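Take a look at the structures below.
Two complexes are shown next, each including chain A; its partner changes from chain B in the first to chain C in the second.
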Partner chain A sequence: MNAQLLQSPLGDAPLEKPMVPLPARRDIRGDVVLGVVVAVLLALGVVLVARFPSPHLSWWTVALAATCSSACGLVGCYLVLRKMSLLGDAISHAVLPGIALAFFFTGEITGVPIFLGAMALGVLTTLLTQTLRDYGNVPEDTGMGVVYTALFAAGVIMVQFGARQVDLDPGCVLYGLLDFAALNTTTIWGVDVPRSMLTLGIALALTVAFIVAFWKELKITSFDAGLATAMGYRAMLVHYLLMAVVAGVTVASFEAVGSILVVAMLIVPGATAHLLTDRLGWMLAWSVVVSVLSALYGYALSRWLNVSVAGMMAVVAGAQFALAVFLAPRHGLLVKWASSVRLALRIVGEDIVARLYRGEEANAAGANVTGPLAADEAPPQSDVHHPATAWARLRRAWATSRLIDTGLARRTADGQLLLTAAGRQAGRSIVRAHRLWESYLERHFELPLDHVHEPAERMEHYLGPELQTQLAEQLAEPAEDPHGRSIPPS
Partner chain B sequence: MSVLDIHDMTVAYHRRPVLWDVDLVLDEPRLVGILGPNGAGKSTLIKAVLGLAPMAHGSVRVFDEPVEKVRRRIGYVPQRESVDWGFPVSVLDVVLMGTYGRLGWCRRPGHRERQLARECLAKVGMEDFERRQIGQLSGGQQQRTFLARALAQQADMYFMDEPMAGVDAATEQAIFTQLAELRSAGKTVVVVHHDLRTVEQYFDHVVLLNMRVVAAGPTEQAFTAENLRRAYGGRLSMLEAAGEAVQAQERA
Partner chain C sequence: MNAVCLLAESISDAVSNRVLILVQQTAELLGVQYNTLLVLVTAALLGAVSGVVGCFAVLRRRALVGDALAHAALPGLCVAFLIAGVRSVPIMLLGALASGILGILVIVALRRWTRIKEDAAIGIVLSVFFGAGIVLSGWIQNSTTAGNKAGLDSFILGKTSGIQALDLLVVAVACLICFLLVALAFKEFRLVTFDAPFALAQGWPTALVDLVLLGMIAVVVVIGLPTVGVVLMAALLIIPGAAARFWTERLSVMTLLAAAIGLTVGIVGAAASAQVDRLPTGPIIVLVGTALFVLSATIAPRRGAIARWMSGRRFARDIAVRRLIGELYEARAEESRGAWQDREHRAAWREAQRRGYLKPPARGNQLTDAGRAAALAALRDERLWQAVLVEYPELAVGAADPFHASAADVLPSAIVDELVTRLQSAGRWPAELRTIAASVGTSGAAAGGAPEGTP
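This part shows the complex of A and B:
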């Protein structure tokens, strides 16, 4: 059973997760299903894109989009893990004046100076924010908000100045030109390759190289910066390196997707990947898969609806994130919901078994049991306080049929529900847990005797054989619960 | 030769001193408990020694060297709450991080480091959990993982921040066993501790803190009712007022 789901829907008692090691093989069914679904989606996307006219243009645009999004997604994983998603946002905007400056000096909108300018501004944003926090008494989020908007605004004005001399469209700075990027080609080894492909390809290669080279440093400074510093790794140095890479990747993506949508490329794949896995390496791999799917379907949908490719990619990425929130194999809402339903059904079933067991007990005691039922014998409190809803009746019917299917109970010809031998064993264990817990409460809590039943009714479903043994030992093997009912042996 | 020599150390957050004029010398390997009420500066003391909290004044020497020079000989267990347990790493990954200090930049842990990490996990009884994601562990298991990581650092001096906070009885026993083993192997272990009942059983040396060192020395000498009363009997209002005055004037 999933240890995380031991939170009882009935009680709010926090439970120590059991000291049970996982089976040697992890449960990977969810991952396998996920893998198959994604493979099918990838193939379908390829078929979709291949059906458009002018396949050469289509494929290059998809390749550009996927490269750009993957580079952003990979480095974005670390932003997500460091809880610095908005710093990515800030940097992607703040690099603009660096680009504009480099453009003024060199007159080109591509090339190394642009990257250096942007990286410098990226590191400057981080530095300024931290300086404001440490020395200016400005909270970090406020500082970031001020620094990046101011730098971005300065950049916009500088670009407008530049636009008077050359044809530089401020609009494309914001939204990018992915739709036309594949048209501007150059020839390499006899193949027409879009110019942007070179920039983005190098950016992706450098990002991968950075992550491979500093894998261990990125991991430890992201997880436990204190330990990293104590060991002698300069956590701040790694931080600034990461910010420089974010700035570099952002600039490389600028021409393609613009400075606003690049934020989606940075954060959404990493955030989605984080939901799908609990290993760092797989998280990076999944972020690339999400990026490629965004590129394929973003392009296909944008051609179909005749809208911007970059915008559609961001929408598709967002949709993938939404799906992951619901369907992720271990952290998804659906899985959590399913196991809480399973737990609720188990509890209903156990309540039925326990009630049947108590009925048998009372019958065995014979006619000398008279008077009102002891609290222990009363029907479950939920029935008293909450009249059976349709949902509760459905749950009970389902749980009953499960009991019959699993051989814990059987129905007689006249419709009466009876315990089987196995069911009797299960009922004895639950009633034992219940009465042991009542005894424990009586010993250690200042509770009136008529208040111990309900807590025990909640806890009886969580006290397995091991805890029962511990309880019995601590209570010196009591024979009876506080109501005077005998505690059945294990 | 001293193991740890803290001289005239004052630690300040936002210019406000929170730990005043600490002088502390350990001449030989000890199992040291740092005790004091909430807000006494116990964690701050450890962090300042390791360079994780800003030292406004003073100096620290470990094994007669500046801390920067002996970082590889120092192990650290931070407070459990200081990290994100949803981080996508396994128990073994976390323990392997203990070997990073010796590896240095850009070198990956290999077979030897894995072997060492597994041995350390076995020492704290966690060998069956190595593949589990760290968020799926109980509090006690998380703390054992942190201890295994510290063991993998193979340090000569350890600083541990509340390693026994919020753990089950079995884990506390397992942790103490390891501490005693480190101690008998001639290592020095400095532990921030909060449970006064177990002090005499666990530590051979104590430091009682409350914004300054109230008492320090071998347990039987320093752990007295009188010293406890001075450490836990409320803060010194003069120190607080003086701290505020420093902050107000330095930031004006």
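This part shows the complex of A and C:
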């Protein structure tokens, strides 16, 4: 019994094939539309920013924002995939004491020591959380909450007392100073470049280099850490490297966007991209697009309303995420909803066709009990599949009109619904599927006779001609179903 | 809208005047400054209530939901400020509560209807709402005078200097409601916190109870914002509960303990912040809490790091002694010697002697009678569990901890008899057990004593 349940219902062959055959070619119309819309939005954003006064400053600020956001977005994709988004949050808070310490020792607010201090703290956060989990029996989220808030609190106090004279005040820590970052410039090869651009540019370059260098390792450990370990990759090493990179990117972005909004830069582009695609490469690309769009529109809107650029970027990124939640080509709620409505309509339509076919069958057998059914007549008993609600009535009417449109049924002058030849063919196929499945259940699952109708009623909509043939072969071409009704030929 | 605001304003003014007078009188009575007392009492109450509510948050794995809530409250704070036009604490807190709850709903909806996982949903809500809050507060700064904006800023890191009698009133009322709720619905909360599916199956309104719990978290987070600030409110919610968890296995004790820890943290933190200029309250409260947490994690009996380390050692020693006396009993100590590490072997030997299982070295290192009995019990348990794991692995998984319970006690006697027969025929069952089994008793290295093997 158990072995039978575990077996594929159709023997050995279909194990490689899904029960419902997938469409041979992916439908990419949605992606194309999305690409066009995004291209238009990008162009529009560029035009919008170009129209502001003092374009030099505007462009540098947008470039800073885009660089910072892209670097965050790229590593963020991996955080989202690994379900470690909150570690990004934790690290972005916890690097503060590292920055403060490095500042105390060197007296500089930029440079390598700051990065090293931040990276050390980033790795320390992960280590401490894991230590609490492994040795203290503290749940991971609780441990993380304790660790990063404690480190952040320590950092705030250190900054408050030690670094008062520089622009490392709590305000900067929390909101960032992207608005003014472009003013603080240095000259490289005769060009005035904002100081932050150097840091952020290097951070972006290093991030890209890291992803390229560890592409394979990152991919396999992100999707299946167990498999990676079994294949000889060091998942933990990759994990800590990634954490170090997250900490580095975070600290580079710190000055620009502050410790909380950096979380938006880290997670929102990756999560949005995750809704738009199923391929890692495309996901990274989309996250960069989302980042650039947030930079463009965040800057434009913030100039318009005269508010913080970083805050506005987070809002714009959030808006893009919200749009993706509803409108994404494959995973959007709208698409899912539409496809479930389509499926419901198909099932209702097929149920009507099958019912008409059964009526004809009964008539042909001479037992004129029911007669041809009117389409809008509710089925004799309302069960799960035929509830008598207003929505169900609407669905039936809609499905009926579609049947008539597609030439499966026609309406006589006195309002009766009759099957056309094509409709009879379709009805025969559905009834055949239904009865084959009943026979199969009866044969292989030891179900009592009064229990086979319900599952067959569901399954009949998913058994195409190919599966019907296989079922019939398996059952040695049965002539009758368990109830004694004849199984129509295909 | 304005009329409602005015009404709320006048009522809260009237009541807070009463509180003000009360606190002033108490302060005079105790001989401390009015402000100091106000701050201390507010912080203490806040700590206590977040401790109690935080217990449920920690146990229900909602530790970071408080974090998301605190951040998500910011835009509501700003919108309420914009609508009310003045810095009216109750209205702003209501706004904060509303947007915090909205944030939680978004998290729940994202997890339920999209492929976004909970962690990303929390991160998105937290950061995007916070960004919206920053934008709104910037807008407020532009459109109103700077003096009003100062009130908003203090919500980020928390400020005790700004605490007024009204704040204390709000905290006290929220405290009272939460304590009452916990006291009245303790059983329901406990049930839903530990086993929600079971509660649902028993017919409890799980969703409602869960909602009340979540609502309490939201209320506590929001009333804590002015004192502790957005960033660190999550810590105040998590730390007392997490620290209390180390000390006890009982929820009632844990809530009381967490309340006490929260109270202490609040008082110490507020006092320190009042003593030292420029010391922000939120961070110092969190650091005091962290110190208590680390202390608990280290020295707590049973669950603390030291206690766990020691029990781990004791367990390892136990196993080593069982192994040693088993080998001695079956006279295979010589051939098995190679599988031991020297240090381990010496320690096991010493421990066995200390327990009186071995005769003194002068008399040839033989097992004593007690040693023989313990060895028999150990061998019996070991062989029986081995057999169970080989023959009935599905029974062994859920049954018991093989090192602490005897298979003879936890498995059906028919199966035990069958396994014993098989072991006997394979020659892996100590011959002496037939007669000695009943007299082994529950003392020694292994519990047991069920009369298995005797017909």
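Rule of thumb we're sticking to: the second predicted complex is superposed on the first by the 375 of 490 C-alpha atoms of A that agree within 3 Å, B and C clash if a C-alpha of one lies under 4 Å from a C-alpha of the other, contacts with A are read in each partner's own complex, and residues count from 1 in each chain.
Criterion: a residue touches a chain if its C-beta (ideal position, glycine included) is under 8 Å from a C-beta of that chain, and two chains touch if they have at least 3 such contacts.
Computed from a predicted structure; not experimentally measured.
Asks: Looking at the overlay on chain A, is there a clash between chain B and chain C, or do the two fit?
Replies: Here the two partners, once superposed via chain A, clash with each other.
Asks: Examine A:His274 and indicate which partner it touches, taking first as chain B and second as chain C; both and neither are also allowed.
Replies: So A:His274 meets both chain B and chain C here.
Asks: According to the stated criteria, A:Leu441 is in contact with first (chain B), second (chain C), both, or neither; which is it?
Replies: After superposition on chain A, A:Leu441 lies in contact with neither partner.
Asks: If we overlay the two complexes on their shared chain A, which of chain B and chain C does A:Leu200 touch? Say first, second, both or neither.
Replies: neither
Asks: On the superposed three-chain arrangement, identify whether chain B or chain C touches more chain A residues.
Replies: Answer, by number of touched residues of chain A: C.
Asks: Quick one: is A:Asp89 in contact with chain B, with chain C, with both, or with neither? Answer first, second, both or neither.
Replies: Only chain C; A:Asp89 stays clear of chain B.
Asks: Scan A:Tyr233 for contacts with chain B and chain C and give back first, second, both or neither.
Replies: first
Asks: May I ask you to decide whether A:Ala409 touches chain B, chain C, both, or neither, giving the answer as first, second, both or neither?
Replies: A:Ala409: touches no partner chain.
Asks: Report for A:Gln160: first if it touches chain B alone, second if chain C alone, otherwise both or neither.
Replies: Only chain C is touched by A:Gln160; chain B is not.
Asks: Can you tell me which of the listed chain C stretches (255-263, 399-407 or 435-443) runs into chain B once everything is aligned on A?
Replies: Among 255-263, 399-407 or 435-443, only one stretch of chain C overlaps chain B, namely 399-407.
Asks: Between chain B and chain C, which residues of chain A are contacted by each of them?
Replies: Shared contact residues on chain A (touching chain B in one complex, chain C in the other): 83, 137, 274.
Asks: Touching residues of chain A toward chain C in the complex: what are they?
Replies: 80, 83-86, 88-89, 93, 132, 135-139, 141-146, 149-150, 152-154, 156-157, 160-161, 170, 174-175, 260-261, 263-264, 266-268, 270-271, 274-275, 302, 305-308, 310-315, 317-318, 321, 325, 331, 333
Asks: List the residues on chain C that touch chain A in their complex, please.
Replies: Touching chain A from chain C are residues 58, 61, 63-64, 66-67, 71, 110, 113-117, 119-120, 122-124, 126-135, 138-139, 142, 156-157, 231-232, 234-235, 238-239, 242, 245-246, 278-280, 282-284, 286-287, 290, 293, 297, 303, 305, 308.
Asks: If we count contacts the way the header does, which residues on chain A are in touch with chain B in the complex?
Replies: 3-4, 16-17, 19, 21-22, 26, 81, 83, 137, 213-217, 219-220, 222-224, 226-233, 274, 277-280, 282-283
Asks: Which residues, counting only chain B, touch chain A once they are in their complex?
Replies: 47, 50-52, 68, 71-72, 74, 76, 78, 82-84, 87-90, 93-94, 97, 100-101, 103, 105-109, 128-129, 131-133, 135-141, 149, 153, 159, 168, 251
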